[in-house]
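So that you can tell them apart, the chains are marked A, B, C and D in the order they are listed, and the count of residues begins at 1 in each.
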Amino acid sequence: MEKKSGKAGGVGGFILLFLVGLVGSLIVGWVVFPSLLFSQKTQPIRFSHTVHAEQGMECEQCHYLTEDGQFMGLPSTESCADCHPDETGEDTPNGKEIDKFVNEYGKTGAQVPWLVYQYQPDNVFFSHSAHQGFQCTDSGCHPPVETMDAPPVYEENRITGYSKQTMKMWQCERCHAQMGTSNACYVCHK
Amino acid sequence: MGIDRRAFIGLVAGGVAGTLFTPIPWKMADDLSIWSQNWSWIPRVPKGPVAYAYTSSKLCPSGTGLKVMTVGGAPVTAAGNPDHPLSQGGVSSIGRSETYMLYSPARVKSPLKKVNGKFEPVTWEEALTALAEKCKAAGAKIACVSGDQTGTANEVLSAFIAKQGSSAYYMVPSEKQSAAKAWSLMGGAGQPGFDVDNADCVFILGADMFETWGSSIRNRKAFGASRDASGDAKAAFIYAGPERDGTGSVCDAWIPVKPGDLAMVALGVAWILMEAGAMPSGPGAAEFVSYVKSNCSPDKVEAACGLKPAVLVGVAKMLAGAKAPLVVPGSPCGQGGSAAAFMAGMALNMLLGRINKPGGVVALPALPKAVDGAMDQADILKNDLLAFLKDAGAGKAPEAVLFYEANPAYGLPEADAMAEAIAKIPFKVSFASFMDETAALCDLVLPNSLTLERFDDVASPYGVAFNVYSLVKPLTKPIYDTRTTADFILALAEKMGASLGFASMEEVLKAKVEALALAGGFIAKDVQPWQALAGSSAPEPSADLWADLEGGYAWVLAAGAEQTGLGYAGGVLAKAVKPIEGKVVLAPYARQTSGTPVMGIPAQNLTIVPDNELINTATFVKMNAETASWFGVSEGSSITIEGAGQKLPVKVHLSENVMTGVIAAPLGFGHSAFDQYSKGKGVNILRVLAARVEEGAGVAVWDGAAVNIA
Amino acid sequence: MSAFKDFDTTWVMVVDIDKCTGCGACMAACQTENNIAPQPDASNKLRTVSWMTVYELSNKMPFPDHDMAYLPRPCMQCGNPPCVSVCPVIATDKNENGGIVSQIYPRCIGCRYCVAACPYHARVFGWYDPVWPEGMQKTLTPLTSTRPRGVVEKCNFCHHRLNLAKDAARAQGKNPEDLEDGAYKPSCAEICPTGAISFGDAKNAKHKVHELIKSPNAFRLLERLGTKPQVYYYSKREWVRRQGDNYLKSEKV
Amino acid sequence: MGFVEMEKDWYPEGAERCSLGKFILWLAFLGLFFLWGLYAAVIILWKGLGVTGLDNYFGFGLWITFDLAVIALGAGAFFTGLLRYIIRIDELQNIINLSVIKGFICYSGAMLVLTLDIGQPIRAWFGYWHPNVHSMLTEVIFCITCYLTVLIIEFIPLVLEQKQIYKIPFLHNLAHNMHVVMPLFAGIGAFLSTFHQGSLGGMYGVMFARPYAFREGFFIWPWTFFLFVLSAISSGPCLTVLIAGFIEKLSGRKMTTYRIKSLMAKIGGSMLLLYMVFKYMDTWAWINGILPKAGLTFDQMFYGMVYGKWLFFTELVLCIPVPVIFLLTPLRRKPVFMYLGAILACAGVVINRYVFTVQSLAQPVLPFTKWEIYAPNWAEWAPSFMILAYGFIIMSLSYRYLPIFPQEKKLNK
């Protein structure tokens, strides 16, 4: 049975609390939810692209295509160790980071579990060799890490497990459509 | 502050309305469906550079060269190496399994010692010490059983027991051993080989050559090359055997012959060829002629085997009319083949003048040995494992027996008796990679590393018409705590103060390769060995043989052994030719899908095993409708097969591929060891299969046996 | 029924039945290439996941007139696929040059309408989550994504190999849309010990299959239903060819 | 006032109902089936469809048969609505409520089963977001969900008319206003429903590589499209009659006049006659056109007992012409013939949906394959029984508390 009492009752109360609910949920939905959805992770090694670029290294020295068209996305521990075989013993932040690499990976031979911002799901076949004509960062695919001294924070979607930067299918499709390239399913899926 | 119901409804309604205008429901719906493609309990595929590495298969008896795909250095799949003459890109389901079998649940993950009937892990050091003591104590009373038909590891093992003063080295029976015995009875030299590539008419006498006989991938490649769809077949293939199986199904003709009648059929053809003027000569020829003339006329063959004379005449005509005919005798089940059938088949080859000819029989000279003191292949093959185990069963076992790549407790005829005999051996060691039936009986299990984890080699699998050698090299560190058996034996010999002169199998192989380089031969790249047999000039020998072998190429030597004493062995044949008496004959057959006795059924292969062979725990045997009518059984009926003092429950599959009076039964099932992919799957037909000894030849034969059906 | 485009490239497989010994190497190759999990109980063949299935054909005569043949059956990649137009969510399509019928696992909702529509039984459903024994997942290939249970999967002519072949062509400065004969081959075709399986572009005169499919001994399964398969079979035996389709008693092959 | 007394206040005006205890027992009995099905549903969602008896031959099985059957039988709702609101056969107002509830039960039940039936329920919404306009199933998904919405809208005023709820002025007015616009929804419902009934048939008819199911057609619609519509609207009213009869039998009270039921039966019978004409023509064309074109014969469409011709003749002879005679001739005046006719008509539709679902998949199209047998297991039966129990529960509650039958009060004086 309906009762009328309290300050927040009646039609006015209904409207007031409706608004409270409305605004509240909007705040939760637009502000709280997105921050809850992603967990933040840092790279195992604070790799500085700028330091390496300043040494005059080209991107292709580490990120290159092989003869059979495969893209070697990340250098292996062995190739990093080519330049960093031993501890530096330096007390600088960079020196410490290098020593961390040497001790934890270089010496053990373990591969660095880099967090890759752009990794696509397993069901996607992405060919770097088919996209050689495009700029890595200018075309919006990769963050401009070459200008960064510290790698950006890696944000992982708690539900899907994918990186926040993982390109969505519509982005691929849009560019393919603009370029007049086929958007057939198997062009990109495996 | 009190909130009445209406206000509360307002709050909820506002919340719902607001939420609809936030990403929450939409992003959640989307992300949840993305989550469903990414379930944590479904493994992700590996990332990393894809590369290819080369080695050869030891699990597959055909010795194919492998092209292994690696991802980030880890082996992932095995395909045939297109540049290897024994595979040319082809590979069997067994060769294919080399990668994933690394992770088979049946693998022995560390050395094990049996304590109070249970296995307990021990370290390799402990195992080495324990075994050294036992071997010292056993002295010359030590034996070794090896299932490795092609490896130099046999040299290491045989040299080891030879140093102990023992020559009790036994090979697990195979086509190779059956052939070696029969061939030596005929006075032949070398390992018989059959140049299928250059033949234009191949009469297959029982051999399941596209499945289990010889280097079957090579055979299939040769067969495939002979019939390009765009032209006429370059070679005719005729199959004689009890069942029109994988091999028979693609041949141009099938001649239904019971296992015990293969020799008779071949001699019937010989009779016709002799009538047409072929004249045998050489040792034993006279007895041969008189036996054939009086016992193997087409009408006598018809009386004995039910074959119409016209069929034999047809075969004889095809063989006689061919430029390069070839008869390939063998066992329909890949083991226990009839010596009589082999000799009869070879007699045909001789009648046709096919010895040491392109497209004919080319016997391979023995390859140089690397290990001093190792026994000769030919000598080893003379030792009879069946007799040895029967003796052991009778209490005449040596002190210690080493089992290398061998599972005789499962893979021999009268398997129950064999297992009992093995159990009676005082001290037994298995070097099995997988926990097989024999390993389960052993006191010590010292797991051998698998193909992709070890140094090993493949030298001239039986059946090929050229000596061929390829290297097995590790592509990955051992996944578990396993060791290469040869390495372990070398260390054991060292420890016992009887060094074999090598520190590792790699060194042994390097010595072997050095010795091969001196023997001549070439790397099969631009010229294939069968082309060399046919007359192509062989290329220069390799400048760096080891490097070429490491690159996955094969060393080959295309030259036949000289035959000085080869004859017809007519006297032996006259005694040995004898049909199997009985209403029905059990004709076992083997398929590569069910693996080998040492590996069990490869995990992925259960999907391939057809449902007319295995359903859950039931094995199906095949018989045709007429045979079935004798017993009043029909499709799916449960029957019991009795033989060798055992009874096995099986089910019936009606198949007109099987000749009347024969029950074809698949081998490879009914394991009591291994993992969920092998254990309890069907029954082991070898348990009801009794071996018969062919008189005169003195060879145990079990390609078929009379059985009772209930 | 929507009409499907005729593509410049048409990948076809030609299986020479007279060469198939039924050894199952093609199935073994397919399973591990495409990350199909081992199935400890594969007795119920209507439940197993297998993209390639070898059928046993019989001329239905009694011994000794009996003859048999093996017929490996991948997905037919039909020119007019009965499965594609029925999919409610466009999880399967035939829209890429080459004509391979795609199947996108993350899009599939698992309604199995395509399974019902395909008369070749080329499509299988994931009844269970795939499980690899401890450690064996390390032998997964990066070529094909793993599938959760509840989606439909099928042979795709090892489409990833087409992508890899295109990449290799690009790296060598060749035209990825005009691959050489043999540059792209599914795993089963590569591994078959007798070489019974040929593969290539039917529209490319430089490819062997271009001629093979014109043979009077070449046929396709259930051609009269209008599916236009991109898998051809070849047999010199009339009874084998006759089993490629349904014929009334009065009809000749 | 005790609860038992209060509960009596919730009955429709002037209606008598069985005791609350008896009613709760009845609900508990139904609840057992419901819980069994719920258990199965949880297992299925947890472990996947491997627990069912379905396989790669029979991707569709009991559930799809069940769905198609209940949706066809639920067609009474839209068709009665059409006749009542659009064609304006006013008499039907006495049974329209029952039709609506039946429709609601059938459609919502079918939706529940469909959720279980798809392998990835979490992706069910892809049907809207990534629709393939060429697929009959897309049409089905859209129309069924839209029509279910319509049915809910049609059901709501009925709930609002519940005696106690009706006392609330707002809800009272809402119910009234909804009634005013009901013809609009009836029209939408009829349109949607016709399409998806047809699309369900179309789903089979378009399978051009399945000669058992394939049919030629008109424009984009295979003949099965129209046949499914006709069979649905012939059997739908029959089921409404059967439910009304069942409620009367169970409660021992008159719910509606025999005349109304007879009218419904007559409508069903007329539609069945129409269906018969087309179905016979279609079957003739199938046997003489589709099958020989595919190289198949009529005999090859049947196998053994499970897939024997008896099913064919039961469906096409026993379950079409016989009920047509029962329902369209004066025989209808006798309840036994009317009910029997209705039962046969419904059975015919169920058989039809079964053979199209299962037999068309069992029939081996490849000459070297064989007929396979499909047997649903407990995991499929349980949810089906859950839906039946759910239907009985909804119907029981509605009967007890909602004024479904306008004539009840008058007839039981």
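Note that in this section contacts are C-beta pairs under 8 Å (C-beta built on N, C-alpha and C of every residue); 3 or more make two chains touch, one makes a residue touch a chain.
Note that the structure is a prediction, hence the values are computed from the model and not measured.
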Inset, instruction - Return the chain label for which the distance between chain Cα mean and whole-protein Cα mean is smallest. - result: C
Inset, instruction - Based on C-beta pairs in contact, work out which chain pair has the most and send it over. - result: B-C
Inset, instruction - Take the average of all CA coordinates in chain B, do the same for chain D, and state the distance between these two points in whole angstrom. - result: 61
Inset, instruction - Could you tell me the distance, in whole angstrom, between the mean C-alpha positions of chain A and chain B? - result: 51
Legend entry - Inter-centroid spacing, chain C versus chain B (mean Cα positions, whole Å): 30
Legend entry - Whole-Å gap separating chain C and chain D, where each centre is the average of the chain's CA atoms: 39
Inset, instruction - Please set out, as single numbers or ranges, the residues of chain D touching at least two other chains. - result: 120, 123, 126
Inset, instruction - Indicate the residues of chain C shared as contacts by at least two other chains. - result: 44, 56, 58, 105-106, 129, 143-146, 148
Inset, instruction - Note the residues in chain A that touch 2 or more other chains, in rising order. - result: 66, 70, 121-123
Inset, instruction - Under the touch definition given earlier, write down the residues of chain A that touch chain B in their complex. - result: 2-11, 13-26, 28-30, 33-34, 37, 66, 70, 72, 111, 119, 121-123, 157, 159-162
Inset, instruction - Flag every residue of chain D that touches chain B in the complex, lowest number first. - result: 120, 122-123, 125-126
Inset, instruction - Please name which positions on chain C make contact with chain A in the complex. - result: 93, 95-97, 100, 102, 104-106, 143-146, 156, 159-160, 163-164, 166-172, 176
Legend entry - chain B-touching residues of chain C, taken from the complex the two chains share: 14, 16, 18-25, 27-29, 31-33, 35-36, 38-45, 48-50, 54, 56, 58, 61-64, 66-70, 105-106, 129-130, 132-148, 187, 190-196, 198, 208, 211-212, 215, 217, 234
Inset, instruction - Under the touch definition given earlier, write down the residues of chain D that touch chain C in their complex. - result: 48-50, 54-60, 117-120, 123-124, 126-127, 130-132, 134-138, 140-141, 203, 206-211, 292-297, 300, 360-361, 365-369, 372
